[in-house]
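Structure, as structure tokens:
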């Protein structure tokens, strides 16, 4: 029997047999404005409030303040959760990324009994692979692929269920690293379309190991309380 | 609540909830003759004249004199604004581009209380990545990508709202660096078509973080007073 | 007369003249959720239980515990088979992969009279080629190709029939190494489709040296007792 | 008001508001036999004879003698113009191309009060980038791109209006350097077609900075007095 | 008059004016199971038995034993032919391939008055190019191309007619080396198709220097006595 | 007036205003069996017999003997022409190709008052670029391109009209060097098709500098006296 980690996101858990497989690595991919940050925050908030699981949001991009502002729009008070040591926000500058970044994340997670980790984002990580990584005197697609592989693979030692955000400009863009989709246990893909002035977001579970996952495209709503996944059947 | 920086460009700000998010980095892309320079100048002029925000125009390409001539056609007196320390024009030769270029821009901006920065252009920057950049003995797509990423990312330290011009020959050309669209917070794309001797310019907001941006294509007019974005609904 | 190794998988052996050619290397390829792990376990279980051939499952990916859990769903008790030295499970961390990995596998196989080897997976192996492999100061598609070639080729010294799992994200993805299909003696390809909420798996023997193999696409069922290959004629 | 340099080529100047912007760099591209050499010579001849502007023709390809023979077919006496110091012809062997080539061209131009420069061709320049260029131990598309960029950019110091010939084998060939179209201020593209034994040449202004240029395709005639651009409206 | 080397393969020699040009290098290409090994063995067997030409089969892949087993199915006794010094089988491990491999093959051929050489296969050779080949510190498509070129070209010194097997996974696969087809004097291509459970093999002479070769696709039969090329006209 | 070098090939010279421009470099391209060797020999034979121009055939591929055998089929006695110092045949082994090869060819040409040079082939030259060429520690498409460029360009110093053979496997193959078509003054392309057992060869002049060349595809016949170009109008 696979132990499941409930996201608590409305309408989502029943698509994946009740939740993510415990301690799996989930890729959350999508173009801008598809709701990736809100989805990831909702996952952490629910962990902290409903399932008694501490969480950490690692960001290489946004300032903590921006993140907190976004959270506030959904009535989520990150400051309070931080004070209560339920959720940590850790901002790492891209230029600080090093071989040890993943180890430091794991230690922080262990020291704080963290069970849910969000990484924002793999895309930024891929651009900032440390030049001293490996003893290979070159930066190419293989060294980048390898760094990303090792990063995700080592995160498994954290004894936490990890969500890794991957952002792209267009559905077919070149920022894909060709390894994160392979190494992650699950892929949740968010899309965004606008037609005639109307916006529409949707969600697709593209892969989920050890799970008979739903394979339909579902409308995704960003409500005032967070994300809602709809079922059109 | 996101603080907004009004461009003051006629018809534009209402497409992006009142203005660019404060201190964001905006990519202004387009083929030649789409009006990128005028758009950027209009943004600086309005900052200086209407919103009391000092601006700087960093150019790796045009001579200041050409820029001033162009401005004059719209009744903008850059010499006067320069004298009053409202707008600076800084011409940097491509061969002078170095690892420290971004730091020098930031210092100049801080010393002069500059709140609006225009970089003209990322394309020239990408071709002239310093060869001593990184300790990697090679110039390839990854070192270039990384330089551009770091350049834009470090500019965020300037406490200013930055507009970065990217010029391309054709809509699908190879001068794209595959990273600026990803790292910028917003993308404003200008296009230009001529049919039967008639010219037509248009504008599209392709991305704007923390903003519910308009997603239509809008006619763009270069009037005698500057840029006008029309709404065809 | 070619000596055959029966897989014991229901409906499969008659597609390949009674079994895999003895001591051949078989590639088992497919996207996630196509049943590769179950197929490989079924092959080992049958070896141990019906044909008196010891087996080993080398994994660079899953924890032994996950593997045992999966096996349990089909009524297979790997713990017991391990205790009886019929089946070994060896978990090797990707970061431990070295030039000697293949030699160590061969020694273990010989020491334990192992006749069936499963490698899970070639894909992970390809990403983690040791950087000290060859005296070539570079990691590129040729060094990777060469490592995989040597790995599979040297495994032939093990005096065992080897099944190598190759996993891909999509049917046409970039994780193909362009050499494993060439060097293996046989290729069994599993696919997975879902239409209108219905899942369907299938199997195709794409290559089998020294064998007049069936060339049809066959429905594949994951029953409660293991894999069943159906014949639709 | 932009100062204009009249080409004097029949039917051309009115396509570009009266002439090239003064001191701009114009790319003249086309497959063989499209008339690029004649077009460039016509530009120099008119400068010398009608507009009192000295010119220089830098060739990495043709022998001066071939060039003079071609000119003679149009009644142009280059020998005489050379004697009167109105037009210089400078033949540089591809193997002599060095980092200093552009500096030497600029000095020659200044010493001889030259206002019109023709470079024949960028294509040959790109193939013969000096191997000691940059401190990068490698010749690749980026070092080539950079050399061409710097070459064109530095030529702006010559205080002359420059025409750079780029020749290609086919409309879509691989000899494009992906940077000259970007860095030049204008692009004049010549094409050539033969149908049923009939030849037809045409001209298109693809780009012209600081100019509202015509955007139609125009028939191009090589008459006995030089080039004629026709207007089919 | 070109001297011809009869293959003795039923139905083949009349497609190429009586046989291969003496001392030419012939590429025998095809996907697995197309009959390349049988075709090559048939060529050697006929040389030994009918035309009094000694042969050697160099294999980097199969064990001699497998080869002999395959031969036995067609009533060919390689052991006897080996004993009589009519046919040699030389197995070279891929890891033993070196700069001197070709020289050793030539010496062996000369010492044993060998007139027919089979190389099985070029594909394996290409993957195992020695890393110390050339003084170029890199393994890339050009060093591989060059090794294969030199290997085939030097084999011409053997005073023998050489057949080089090239195997590919699919008709359009990436294992092609882009040089063997160019440097060989002839190309015989075998294909294999199965439709509705029926197998069909065919043969096409794609190139044969100094020969007016047939250019049709011919059915190929693997009979119990060896290969038969049919003529459907 | 351009001086013309008559090929003397039946039906050809009138396609190019009477002959090749004197001292030009002509690329003769085509797949195998298109008649390139015969065309080149015919050009040399006619020079020697009809126009009193000595010729040399440089081959990196065929043995002189093969070449003489081919010539004999057309009644051409190369031995006699060699004895009379009208035509030289020089066989250079690919492994002997060095930086000085072109200089040695030029000296030989000058010493023997040679006016027609055939190089067979550029394709072999491109594969065998000397590794010590340039001070660039790498063999890649740019070093190859550069070597071929310099080779052809330096040959112009020979005071002879040069024909360079380029052979390819297929019309669209990868052996094209992307520079020879650009640097040569003319391109004569031969093709070969077989339909329904009937062969058909054809010729197309794809480029000829300083020449208003015919642009039609012409049937090419290999008669018993040499090449004949037909005119189907």
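Order of writing sets the chain letters: A, B, C, D, E and F. Residues in each chain are counted from 1.
By our rule, a contact is a pair of C-beta atoms (placed from the backbone, for glycine too) under 8 Å apart; a residue touches a chain by one contact, two chains touch by 3 or more.
Quick caveat, the model's predicted, so the values are computed rather than measured.
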item: Distance in touch steps, counted as few as possible, from chain C out to chain F; value: 2
item: Chain whose average C-alpha position is farthest from chain B's own; value: E
item: Farthest chain relative to chain A (centres taken as mean CA coordinates); value: F
item: Length of the line joining the C-alpha centres of chain D and chain E, rounded to whole Å; value: 54
item: Centre-of-Cα separation between chain B and chain A, whole angstrom; value: 31
item: Contacts with two or more other chains, residues of chain E listed in rising order; value: 137-138, 140
item: Category of the chain touch graph - line, ring, star, complete, other; value: ring
item: Ring topology as an ordered chain list, initiated at chain B and continued via chain D; value: B, D, F, E, C, A
item: Footprint of chain E on chain F - complex, ascending; value: 32-33, 66, 69-70, 94-95, 123, 127-128, 131, 137-141, 144, 167-169, 173-175, 194, 197, 199
item: Chain A partner contacts - residues on chain B that touch it in the complex; value: 1-2, 134-138, 140, 142-143, 145-146, 149-150, 153, 178-179, 181-183, 207, 209-210, 215-216
